[in-house]
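Two complexes follow with subunit A in common, the first pairing it with subunit B and the second with subunit C.
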Partner chain A sequence: MNFWLRLDSMDRRWVFLMMGLAVAIPILWIGITGRTFPETATPAARDVFRAIDSLPEGSRVLFGFDYDPASSGELQPMATSLMRQCAAKKLRIVCIALWPLGGNLAQETLAEVVRSDFPTMREGVDFVNLGYQAGNEGVMKVVLTDFKKAFPVDSRGQPSNDIEILKDVKTVSDFPLIVNVGAGYPGNKEWIQYVISACQGKVKMVAGCTGVSAPQLYPYYPVQLAGLLGAIKGAAEYESLVNEAMGGVPAPKYLEAQRRMAPQLFGHLLMVSLILAGNGIYFAGKRRPQR
Partner chain B sequence: MTRQGKTWLVMCGVLAALLIARGLTGEGLGRVYVKKVEVSLGSEQVAGAQGVSQTIWKEVPADKATMKWVEWNQVAPKEFFAARAANPAQDSISLSWPRTIGLWLGAFFTLAIMSFLYADNIAYKLAEATVIGVSAAYWMVIGFWETLVPKLFGALTPTLVSKLVLPSLQPSDVVQQISMWVALVLGVMMLWRLAPRGGWIAAWPLAFIVGVTAGLKIVSHVESDLMAQAAATMQPIVEVVPSATGGTDWYATTWATLANALVLVGVVCGLVYFLFSVQHKGVIGGAARVGVWYLMITFGAAFGFTVMGRIALLAARFEFLFDDWLWLIDPNHLRS
Partner chain C sequence: MILRRTIPIWIATLGGFVMLISAFGKPIEGMGESFAEVFNVIAAIAFVLGAGSLLKANLTKISRRDAGWGFAIVTLSTFAVTLIAGIFKVGVNPSRDFPLATFSGKQTTPESPFGWLYEYAMVPLTSTMFALLAFYVASAAFRAFRAKNLEAGLLLGTAFIVLLGRTFAGVILTGWLPEWASGLRLENLSVYVMQVFNTAGNRAIIVGIALGVAATSLRILLGVDRSWMGTGGDR
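So, the complex of A and B:
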């Protein structure tokens, strides 16, 4: 039988198996050797780094966690690196979430980065987790006029009025930068539509997003978004920038995105091969005489 | 037995054999360890907002505490190995059975969902039904505890809610209370759909939701997606990029100019493609064809990003299986 015809009649489960191996083998290889591929940052990732790096020490940053564990495979590495750069830059971090599990992920990220590697930072003074707030765009509209009305207490139940880091905060305009990691609705797009547009240049925003939502967000860069981390590739680029800036040998938890780039490489090579094979089958079928 | 049944049997047998082999070598299979931490809190009265006295809880020594409890914090297995090596009788770090069972359930459900790629089966059906059931229950609980209790009941009956379930509830003003009465009435009207008669009453809150959402979206979309995007497109085609020495960076200038020209051509041709009141012939036809190419490239980029996202999620699941469950790899050095 002709090679292309054989391919045409191949059980699609072989494709699933090939994809599984293309992803699994690099994970095992990297897990055993600990080696990662080098990354070169694109302008969108470099601009995220610059936006945070250009803030004076002690500036307040509003850090949004608009995702849940279902998309943390893509987004958690960028949240970890963003938090690390903010902490290293001695910025004051205010975490919020418009997704129910975002508050828990903020807590985990704070524990993993701030509490373990920046122990001098004090809760309530240098960072705070205001947790989840229901209301989607409604919350965004409220923070434009009265931030503490939208977030009356922190995740521990302490009133916002009594929290040192929020002392002079009246509206969202009191944050020079919004860092938002979002997986969908409500997320980055809504922050741009309801907050960034309304603030008219007073507040900058950088975002991290999933691969699925990246094409919708690129049109906002670089005017409405100061920087954008698109999917795991953006996360890996930004992670390498932060690691380079911090110097020394990074802890394994700060290499998570770069570790996931090898499965990406082999998965994409397989996809490209399959697309080429599909085209080959199509043209071979066209050349075959019709009965 | 059918061929498919035999294949299932072989696959499950191989997996079981591999698991047993892995369990009998090295440190074995996935387990979760926890460390006992005693928390002691003492209360203190402080003047809060609007002069209202509030209770603040702070960590204090155990002998001065008015409230105590024990937390079990998850620790890396290597901490347990070190503690056991130092003192085999230690009990500060111990195996957590509930979390270990959770880990194994996570692995089972991951494999059950992946098994659908071979064929539909009972394990997949079980995992699917569990996801649907847990999601529905979860959203119901979130809706009740994050919206109804703090926002609705908290505004209408603050004393009761504060005493019973939410000590940190902040007092609401009259405007909030009135708006919550309106919300309650609209909510009841919405539920009227379930009543045998008067289903039309539910149309009114729906009309309210549609009207408010449309009002909110129109303003924000015009500001951010129409005006701001149009302004961002109207850039000079030739963009001169200064170099670090004060002259012109010709390399960057060329690329920036090319990028601006591509954006201009893409926007014009993309819009021409959607111009259906003119026949796509001649110059218009050519521009529309270029517009189609731009659209195809955009769809291709979107597809590529989607593939990237899905592979990242698959990689995260494999990492969970190989690292947390099977202990085959240790990229975060949690065990060594």
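So, the complex of A and C:
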């Protein structure tokens, strides 16, 4: 039987097996050797770093967690690094979520980064998790005029009016920077359309997003979005910048994005090979005389 | 008729115009905010409606013994278990601040059954579902991504640039190019594709969508478009 015909009749479970191996072997290899590929940051990732780095110590940052565990494989490493840079810069972090499970992810990120590595930061003074609020764009409209009305209590049940970090916060304009990690709707795009455009330059925003939503956000960079981290690649670039700035040997939790670049490399190479093979079959079939 | 059509149209028209004008006029900014709060309340109520809809759809499936009714039982059982564990704070210890108040503890800690369900059922299940995409995308790329014409060929070329440029493969394949030709390195080409071609195309789409949204919104506000009220049972 002709090679192309045999390839054409290949059971798709072989494709699944190849993809499984293309992802699993690099994960095991990195697990054993601990080595990652070097990353060179693109301007969009460098701008995220600069936007946070340029804020004076003690500035308030609104940190949005608009994703859920389904996309945390792609987004959690960037959320971890963003939180780390904010904490290292001694910024005051206010976490919110417009996705029901985002509040939990904010809590986990705070525990992983702030509570464990920055123990001098005090809850309610240097950071707070206001949790999830239902209403999507409705919440965004309310924070434009009265922030505490949209988030009346924090995740511990403490009234917003009694929380030190929110003492002189009236509207979202009192945050010089919004850091939002989003997987879809409501997320980065809605923050730009409803909040950033309404604040008319008073508030900057940097965003992290999944690979599929990155093309929709590039049109907003660099005007409405001061920086953009697209998918795990953007996260790996940004992570390497933060690690470089912090110095020393980073803990494994701060290398998660870079560790995921090897499975991505082999996964992408397999995809390219499969597409080429598929096209080989197609053109070989066209050349074959029709009966 | 009045309850089903006239009143909803007036609410939509009034709410929509107030929200619209409040963006331009300071005196009625507060009214716009009130409507936004009402929207938030409705969004919270939607969760209850969603739960009702889930129950109705799955109970109907089970009673009719439709295909996959066994999965409907699993859905309803997990729904009930999670709801009860969350609402009644099953297995949650009182908080240290209020040790005598039974319900003062938080149910979201991993030690509680509700937290356990999130940590060890919800998180791995949703991550697994998302990860499965890689296998289906690979299979679909092999079967369907063919350069049948010029447009498909261009799409294929762009896909290769982005797929390779977003990994270390780009550096390996084109890192040797001299500095004056660095724009042709795959990692730089990938950024160029995203920031120039993609931005141009997407901006055109965004402007088109914005015009469409404005036109549709105006039709709804003026009561011309009534499709949002549904058609079932009111004809």
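Quick note on the criterion: the second predicted complex is superposed on the first by the 291 of 291 C-alpha atoms of A that agree within 3 Å, B and C clash if a C-alpha of one lies under 4 Å from a C-alpha of the other, contacts with A are read in each partner's own complex, and residues count from 1 in each chain.
Here, contacts are C-beta pairs under 8 Å (C-beta built on N, C-alpha and C of every residue); 3 or more make two chains touch, one makes a residue touch a chain.
What you are looking at is a predicted structure, and each value in this text was computed from that prediction instead of being measured.
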Combined model on subunit A: subunit C and subunit B, fit or clash: clash
Which superposed partner A:Ile32 touches (first subunit B, second subunit C, both, neither): first
First, second, both or neither for A:Ser59, with subunit B first and subunit C second: neither
First, second, both or neither for A:Ser173, with subunit B first and subunit C second: neither
Touched partner set for A:Gly278, first subunit B, second subunit C, both or neither: second
Which of subunit B and subunit C A:Ala24 touches, first, second, both or neither: first
Touching partner for A:Ala214 - first (subunit B), second (subunit C), both, neither: both
Partner chain in contact with A:Ile192 - subunit B first, subunit C second, else both or neither: first
First, second, both or neither for A:Val153, with subunit B first and subunit C second: first
Partner chain in contact with A:Arg260 - subunit B first, subunit C second, else both or neither: first
19-27, 55-63 or 91-99: stretch of subunit C that collides with subunit B: 91-99
Subunit B and subunit C contact sites that coincide on subunit A, given as residue numbers: 16, 19-20, 23, 70-73, 134-135, 141, 198, 214-215, 219, 230-231, 233, 264, 267-268, 271
Sites on subunit C touched by subunit A in the complex: 19, 23, 29-30, 32-33, 36-37, 39-40, 43-44, 46-47, 106, 108, 118, 122-123, 126-127, 129-131, 134-135, 137-139, 141-148, 156, 159-160, 163-164, 166-169, 171, 187, 191, 194-195, 198-199, 202-203, 206
Complex contacts: residues of subunit A adjacent to subunit B: 13, 16, 19-20, 23-24, 27-28, 30-32, 34, 70-74, 100, 132, 134-135, 137, 141, 152-153, 157-159, 161-162, 192-194, 196-198, 210-212, 214-215, 219-220, 223-224, 230-233, 252-253, 255, 259-260, 263-264, 267-268, 271
Parts of subunit A lying in touch with subunit C, wherever the complex brings them together: 12, 15-16, 18-20, 23, 37-38, 40, 42-44, 68-73, 101, 104, 107, 133-136, 138-139, 141-142, 145-146, 149-150, 156, 198, 214-216, 218-219, 221, 230-231, 233, 261-262, 264-265, 267-272, 274-275, 277-279, 282
Of subunit B, residues touching subunit A in the complex: 46, 48-49, 54, 56, 117-118, 142-143, 146-147, 151, 167-168, 170, 216, 220-221, 223-225, 228-229, 231-232, 298, 301-302, 304-319, 322-323, 328-333
